[in-house]
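Worksheet: one structure, shown below.
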Amino acid sequence: MEPVIRVTNLEQKIGRKLLFKGISFEVQPGECFGIFGTRGAGKTSLVHILAGIDRFKSGQVQILGLNVNKTEKFKRSLGLVTQESSLFRDMTVVENLDFIAALKKASRAAVREMIERFQLQEFLSKPVTSLDIGVLQRVSLACALLNQPKLLLLDEMIKDIDLFSRNLILKELEEFLAAGGTCVSTFSNFAVSQSFSKVAWLEGGEMTIYDPEAAQAEWNRQENYYAEQSGRYDD
Amino acid sequence: MMIRQCLAIMQRELFYMWRDKSLRTILLVGPLLGLLLMAGVYSSQRIENISTAIVDLDKSSASSQVITDLKNSQNLQVVAHFDTFSQLEESIKRGEVIVGVVIPENYGKDIALQRQTKVAVLIDGMNIIYATNASSAVLTVTRTLGAQVGIQTLIAKGIQPNQAQEAYQSIAFPEEAWFNPTANYAYFLVLAFALNVWQQCCTLASCMTIIGENGRRSWYQIRTSGISLFKLFFCKSLVHIGILLLTVLPVYFLAFVVFKLPLACGWSSFLLFTLIFILALHGLGTMMSSLSPNAVNASRYGMIIALPSFLLSGFTWPLQAMPQWLQHVVWILPQTWFFQGVSFLTFKNPGWGFMSHYFWALGLMAVLFYSVAALRLMVRDFPHKG
Amino acid sequence: MIDVKQILNIAHYEIMRIFRERVLLAILFIVPLLYASMFGLVYVSAILQHVPLGIVDLDHSQESRAVVSAFENTPNFKVITQVSTYADLEAGMKNGLVRAGVVIPADYSQKLAQHQLTQISTVYDGSNLIYGFNTRKYFQQVLNTFSAEHTAAYLSGLGMTKQEIVNVMDTVSYSLEVWYNPTFSYATFIYMGLVLMILQQIGLLGIGLTVTREKEENSWLQFLGAAVPQWKIFIGKALPYFIANFFNFGFLMWIAARFVNVKIEGSVGLILLLGLLFDLIIVSVGFTVSVYSPNSLLVTRYLMLISVPIFVASGYSWPSTHIPAVINTLLRTMPYTWMAEGFRLLTVKNLGFDFIADKIMVLILMAAATTFFALTFPKRRKPPAQIGLAVNSALDYPNKNF
């Protein structure tokens, strides 16, 4: 089957800093692809490139077989949740859903469905700036799913949010994957690494792909290494 | 210790202003570019060579005399001769000529026969600067011409030549332009327009004073350090005022030394006056800065006042031509005091007795604006919880 | 089939944002009205009259009284009686008490009686040439009349009859016709030029922040990340501003004609066409600036500073025939230059299409170019980066709410 995402020799420069030194990877349909990296490693930049938002220096990126530089069509099957909230701050929850549905050409029925699924009824007329982070993430994910995307790009989806929202979001993601959707998600807290089918480790401009267990092993190895180096352990 | 704190604040403020690239560009380049542009625009200094067209339907020696007089007139320049009135009309419509003179048929004959004849002068009134200059030029010419013809007619009637001359030319009307003897438009407008651009740039800088500090997260550092806010903003303001004064110096150098624009009052008075205006203007910007939740709005508020202020100041269209009540209201703007003062100081040097009001007014405004800003800061001491 | 619904949705939410940001609303509707009213009040008297005049009559004779009367009897001057000596005149001119002066020498009547040449000196304040040149014109009018009366009196003294005098003096009469603005109304001259500049500035400042605001809130990503084409984004976002600008165009023109007595004639169709083209250029330029500028503060700062230079150098007040060619060429790249000139030719000179066809052509070309750029902006952004220690130049500016 054709990969949902195919990245070849991607190079990116932010300001004067070379962020990616030619990374290549593929994401197959139905996969839950995790991207790990500490702050500044380039997770958000990578997600923005995949979403067709940012220009990049060189390389090729194909989403659903389409070259992201040549067309906008792939965006119809895309859903994006950004790390820094990209909802409209001067609008209420329902206005955000409505407007983003209009931008994505999703129907009114889809909006109603999202309100149901993410249990947003009591928040509809509240401005998004007044929401707790948990509700905010639910709204963001709801907006991303309005156009029934085939690919979900999530940037730091699960943060320090309340458990009810966390549970709701995880349930939706599971249903999305079960229905055949593909998910790419960045994370910086290694505790969640086991939920992914593959873990891509971004460090120093390079990407290394691991199975989740191998990724965990690498994490443990590095933790011990640096602890020994700095003399934190007394052995 | 206190000096060290002040110096540290001032040094940091210098860096802050320098690193604000657009502000730096605006302050360094704006006023100079403004002056150079204005000097370029008004480089011809006077409205001379006003294009004039003549329709000579007579073509006699008498009409040639008219044409010669027109050609010799200082401000008019004959550029075209048309055969018909409608050609002239078309040309005026197109803006190709500003003045048109129509000498009727039989002009020469009528004069010789002492029959009445009329020369029509048309002026394109669309541009008043042109039209006013043109009509002055024309009125001068017609008076001269009228006198010539009248004298000839009287002599033809048998009046003694010296009496004929006396009838028309016994009184001369010399005119003098005081303060600007050559009625030079560049002297009138270049400095003022350049200063208008400069005060707008200063307004933009001043509007950053308070919001530039309490609109950043580093405000927390400042608040927890325990430093007196008064000291902080006083030191910041010193730097701002110093910089604003520095930005106007090259403008003044170019204006007074290179372009030799009039400076009747001398450097020290003028610089002092500029300084007190900077205080008032900076105070106004600082006040806006304290009243706004963000830098964009602070800039907007400041500029909403700065933009129309030049026209309201009565520097060009005079105050006395405005409605009575408006004449009084415009004095609440520091720019009115400044531009009126610039006009008086650079051209007339009316002396300290007269100018002291201006210094007092601007000083008082500075005090008022800074006080409002200080009050506002004290009342809303802590950053807005958003 | 063009999907109008999406465009209208974008427009609808843009309108909502405008109404929710009160400062923006004030800028779009209240500031133009405020400025137009203020400037209207400044120029409503339109004609400079009652120029304060100091008369120094050193002769105090019947003849000199005649001169004084000539100046007292015209509304163009207002005789300031405090000024009676030359020293008074000098002081008065210096402190602005008077703006013009007449000096009648002490031997005025004596010289006249002795058939010797004498003079009446006039002085005017050159520090303000609007006063200056108008005063000069008024002087010439008064003196021409006075001179004629003097000549007539002299000839009468020679024994000529009234009819004879008239025949001699009116052998050649000069009719001075001022076309298009016969009353020398400053309002007609300058007001609409100011109004058009207000419209340009408000227009630019309104739409100029539409994309930078979204960028600062990160919501611009919603537009970039959705499949909606850029031309729809432009039209949707620009539509409310386009309508607001056009409303202001008509409204301010009405104020000009109705309250400030500005002469506005000419073909309504052409006036509307000019307005539409200018409006289109402004919204497309403003939108493009907003797309490419990193933040709202930069847009606000730079846009606000351009008004004075463009107005002064455009040739609208100081004529372009007396401006160096290099500046003229530069200003011809500004839509304002063409719009203001075209508008004035249309409404003050009441000329037809032939005379402004070139202005309209240029405006159409400009509109086509600017709209093209606005319709085709790139939907891939350069990732924002903080370069070195620069402040206020990337995505943030001082804001208490961030």
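For reference, chains read A, B and C in written order, and residue numbers begin at 1 within each chain.
Keep in mind that, in the parts below, contacts are C-beta pairs under 8 Å (C-beta built on N, C-alpha and C of every residue); 3 or more make two chains touch, one makes a residue touch a chain.
Computed from a predicted model, the values in this text were never measured in an experiment.
On a Cα centroid basis, the chain most remote from chain C in this structure is A. Sorting all chain pairs by how many C-beta pairs they have in contact places B-C at the top. Averaging Cα coordinates per chain places chain A and chain C 55 Å apart. Averaged Cα coordinates give chain B a centre that lies 13 Å from the centre of chain C.
Between the CA-based centres of chain A and chain B the separation comes to 59 Å, rounded to the whole angstrom. The set of chain B residues touching two or more other chains comprises 386. Listed in rising order, the residues of chain A touching chain C in the complex are 12, 14-17, 45, 48, 51-55, 69, 72-73, 75-76, 78, 80, 82, 84-91, 95, 99-100, 102-105, 143.
Across the complex, chain C meets chain B through its residues 23, 27, 31, 35, 38-39, 41-45, 48-50, 52, 93-96, 99, 112, 115-134, 136-137, 139-141, 143-144, 147, 150-151, 154-155, 158, 167-182, 184, 186, 189-190, 194, 201, 205, 209, 296-298, 300-302, 304-305, 307-309, 312-313, 317-319, 321-324, 326-327, 344-345, 348-349, 351, 355, 389-393, 397-402.
Residues 5-6, 9-10, 13, 16-17, 20-21, 217-229, 378-383, 385-387 of chain C are the ones that touch chain A when the two sit in their complex.
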